[in-house]
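Both of the next two complexes hold subunit A, though its partner changes from subunit B to subunit C.
This part shows the complex of A and B:
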């Protein structure tokens, strides 16, 4: 039967696809199990940034992991292009985070100052208005300054998504849609996954199901304390190129359209579009770049990020069910390179490197101070 | 024009359903507003009924002038008419996002009646994006609103009543038609026969027969046409097709395509109203009850936007939705007689529709691989098939894989084709393949307009970043 695999990855989003692509090849039989057309899919709400600035306050290992992935991104883009012919349009022109008031600029500087004390493996510089205007001539009068990091970049995340799937299948991987996992049994050194399209058996199991991990992890003795955090994104029609650098919340795509986001809302599992939030996003975008006031918004949507309590990823192998791994994060694009080229080989080899130990979910077990 | 923040009743769309609904609501004393995208009331069917430059009643036919009565009644009803208004969102709380004169605003209503009408079914053939190829409906708009008739060799191709109606209107206006290429599957005639008795007793029969005869007398009609393609370098030069006599090539300057109309569902879908696949009309239709009410409290759908029934049926559906709205807001209002009259008339106009549905039901043949399906993002049928083969099960994953449906038209020009293509490729029903998930804005509005709307503190906090 073709339903036996060396590795079964649960979750066809960016995390699952990157791990499946990275783990496939070399004769390994890998399955990628996915839900249907209307799954929650955090991968549809990503902002396509390969981003390091500001990452890792409170957990230097996360800053290092992020920087490592960003450094591996050029090779990832080249490898995917070579295997699939899909140009993921990766670029690293350096990214900015704009401040629209002196207070915002001060808060940004203070935040980065605290981060600086951790000696992050990247440099961030504060820019005044004139320096910002040299990089971004289209800024409006409300922009007082920015932070700038030369290591920040972006890509076309739809092309990344497509390339990971195409590359995975080209390497012999099996993609199965409409195969939500209803139950997992671990017996005789293998995992048996119940799906409506039949049972899947695999020697190793990777849970990369985003918010679905909360339900799946306990089936293999793991915990995935994740919650949904809603983000809105607006997309404009195509406009003439005006923005040479991606911003944390606004970027111009290769097609010319402008992606604007992204809100952080605690709204449960509601993926509805909120006009007030869209208006707030639009208002900031127009203050940042007044020329955008005339651009038509052609799409908006909201989707759910996969957030942990501290915002950092969880990577862990089950002690109770060895061979079962958990991977979850909310930076599926930035971390795609680390997932595909560092984490996936470790999973395939059967053990996570000790340096990833800090990302165990056991860090959430510490009881809150009474 | 002063737009209020709130109304008793808000109607979207000034075609027959919307005009009839708004007229009744206003006559009953409800504070009523009707938002419409066009500069003049009438919708597509009665477009410019009050303002058309065409004077002779013969060109557009008697039906068209019936629209004048609806427009006149509406004008006298006291309802507020807001033309040039693009409704881009509707929330469950019945908050309507509308763009007017370059400014967006939010309007609330106790009752909302959507009368968004029909759009032409997409008709993707190789070369349909060439200059010189347009839809019959678009050509009819030019005729109605600007008295524009084509010069040169005009070919009409496809299926459905509008194709024949346009042909006659062109003939009356003095235009020449090189040929009508009829793609109606011959097997449809047999299937339609089962519904013939009702059709023979319906008001459509005599009208339809006269129309067909009038056109056939003066135009070459070629039946059983398949494999249509528009050819030309830079613009249309010829139409290629297959017929009984084999592959043919017909030189042409203008090709007008049409294969029926389908409900314009984007606003209703974005509002979160459930839709189902209608196998007889081959389209998605909203779930609603006999008075047009949907599962969303206070939101009803009337007219072709709820399923194709024609202009006269649409007006009666508009009246029934209005009666329900009036009763909800004015308990004790006695509208029994009006309701009975509307139901009776609706039944009369619905008689014979199943015959028309069966006769003009287009066969779905997956377009040739090189055919552009999504015009906004230039995605071809072959690319869609490849994505399906790679595991893409529905239109929403297809967006992520190919950008199909992500352009400004929001899937209006490709949605049904994509659903049917995926269904055919996967060997599942269109219902299982599903539809694009639609979200506001369903009509483009500028970022500046959106920025001008009230956001609130929670929203501002949600977008602030340190």
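This part shows the complex of A and C:
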């Protein structure tokens, strides 16, 4: 027996949940199909940052898309809180990127300078050591300065994830666990998805399955050239607050745990923890904040980001199978607001705005040499 | 709540929040505190509820105390030493001390 929906979203992670929540309501019947517990779950690699600084060099539209999502985040947090009663603990105290040597500081300033020239006005500014210490009194002697962006913030990503799912179901959406999609047929203006729990029929289809998109996209005439990029995360015991601002690689949660994540590794689909990498991450964190040498690490894990060749997202509607959309990115938290409030309504309406055209995977098609 | 068996008579003393607590060489800090009737080892950082040992085998992390100035030590895994300074904890551990 088939179940019929207006929209089927494939992938129950942060990207899929944000799109499903944003597309549901207004009487639309939306299904969210999730894989089993053993799914790779890029969401596990997330760092809960709503992050603007440093992003978008090489693609001004991505810098703008990121800034737009960050600007929409306060409304997203308020809407989720109002609908579900879940406080996602969003805050925008401004974020820093620390430099542990003069060379690092110069590289950072140069990168941000190029970004400023490409995408003005860019709100990041460089801080010297004394200015950095005013914001972060716990820094160690190796810290020579930082870049600071007032638009950077963070949230509790577990609560965000729960709120998106709860909000989706409150809006009447249907969540299906253990429903990996084995095949997709497009016929008679609808999509038929084969899952081991039966067939799902939907007028529109959204592929938000992270690394799984590489397998699914060709079934509807799309391409999703994505690869796994591993990241390690270390979490300490809960400690008294000492860090008022999130860093790109280190933040303190509302409960007091310190999250440390500072690796980008090409390790295929291996999600194992590499103790050498973990030790290097910890050592750098201790140089930044010597008091962390006393903290006990209580959890560590590795997970796989979803990475494209240029690091930018793919958003695209299939020309061969109209109504099939692809959405993939590595910044599911930062972009949750744009996904839920900008992209999802466009998908529901059946067409992506022309401004999203730059995010088509066609940019990876290299023209043959003449 | 707990009583020492006759053959487990104390042989030394530790200090818990400045007060001498009898202990027996080889036993854990948690055992000595429980034998002395001390049940509140800490307040939970989230919520503030009183906590004490639950598993006595290193798995639950409910027995955390400060030992000789180092916070969040598992009292059930630390062996007593003469003169050891134990402090019960309130709220999250301050790394700065």
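As a convention for this text, the second predicted complex is superposed on the first by the 361 of 370 C-alpha atoms of A that agree within 3 Å, B and C clash if a C-alpha of one lies under 4 Å from a C-alpha of the other, contacts with A are read in each partner's own complex, and residues count from 1 in each chain.
In this section, a residue touches a chain if its C-beta (ideal position, glycine included) is under 8 Å from a C-beta of that chain, and two chains touch if they have at least 3 such contacts.
All values derive from a computational prediction rather than experimental measurement.
K.L.:
So, A:299: does it touch subunit B (first), subunit C (second), both, or neither?
P.N.:
Touch status of A:299: first partner only.
K.L.:
Pick one for A:264: touches subunit B only (first), subunit C only (second), both, or neither.
P.N.:
A:264 sits against subunit B, while subunit C stays out of touch.
K.L.:
Please indicate which partner A:240 is in contact with in the superposed arrangement: first for subunit B, second for subunit C, both, or neither.
P.N.:
Only subunit C is touched by A:240; subunit B is not.
K.L.:
In the superposed arrangement, which partner chain does A:282 touch: subunit B (first), subunit C (second), both, or neither?
P.N.:
Only subunit B; A:282 stays clear of subunit C.
K.L.:
Looking at subunit A, does subunit B or subunit C touch a larger number of its residues?
P.N.:
The partner that reaches more residues of subunit A in the superposed model: B.
K.L.:
Which partner does A:256 contact after superposing on A: first (subunit B), second (subunit C), both, neither?
P.N.:
It touches subunit C, and subunit B stays clear.
K.L.:
Need the overlap of the two footprints on subunit A, from subunit B and from subunit C, as residue ranges.
P.N.:
237, 292, 294-296, 298.
K.L.:
So in the complex, which bits of subunit B are touching subunit A?
P.N.:
Those in contact with subunit A are residues 89, 91, 95, 97, 106, 272, 390-397, 400-403, 406-408, 410, 433-434, 437, 439-441, 444-448, 450-456, 458-460, 462-466.
K.L.:
Mind pulling up the subunit A residues that touch subunit B in the complex?
P.N.:
Result: residues 34, 36-38, 43-44, 97, 104, 107-108, 111, 158, 161-162, 165-166, 169, 175-178, 234-237, 248-249, 260, 263-265, 272-286, 292-302 of subunit A touch subunit B.
K.L.:
In their complex, what parts of subunit C are in touch with subunit A?
P.N.:
Residues of subunit C touching subunit A: 45-46, 61, 70-72, 91-96.
K.L.:
Using the touch definition from the top, list the residues of subunit A that touch subunit C in their complex.
P.N.:
Residues 138, 237-242, 255-256, 291-292, 294-296, 298 of subunit A touch subunit C in their complex.
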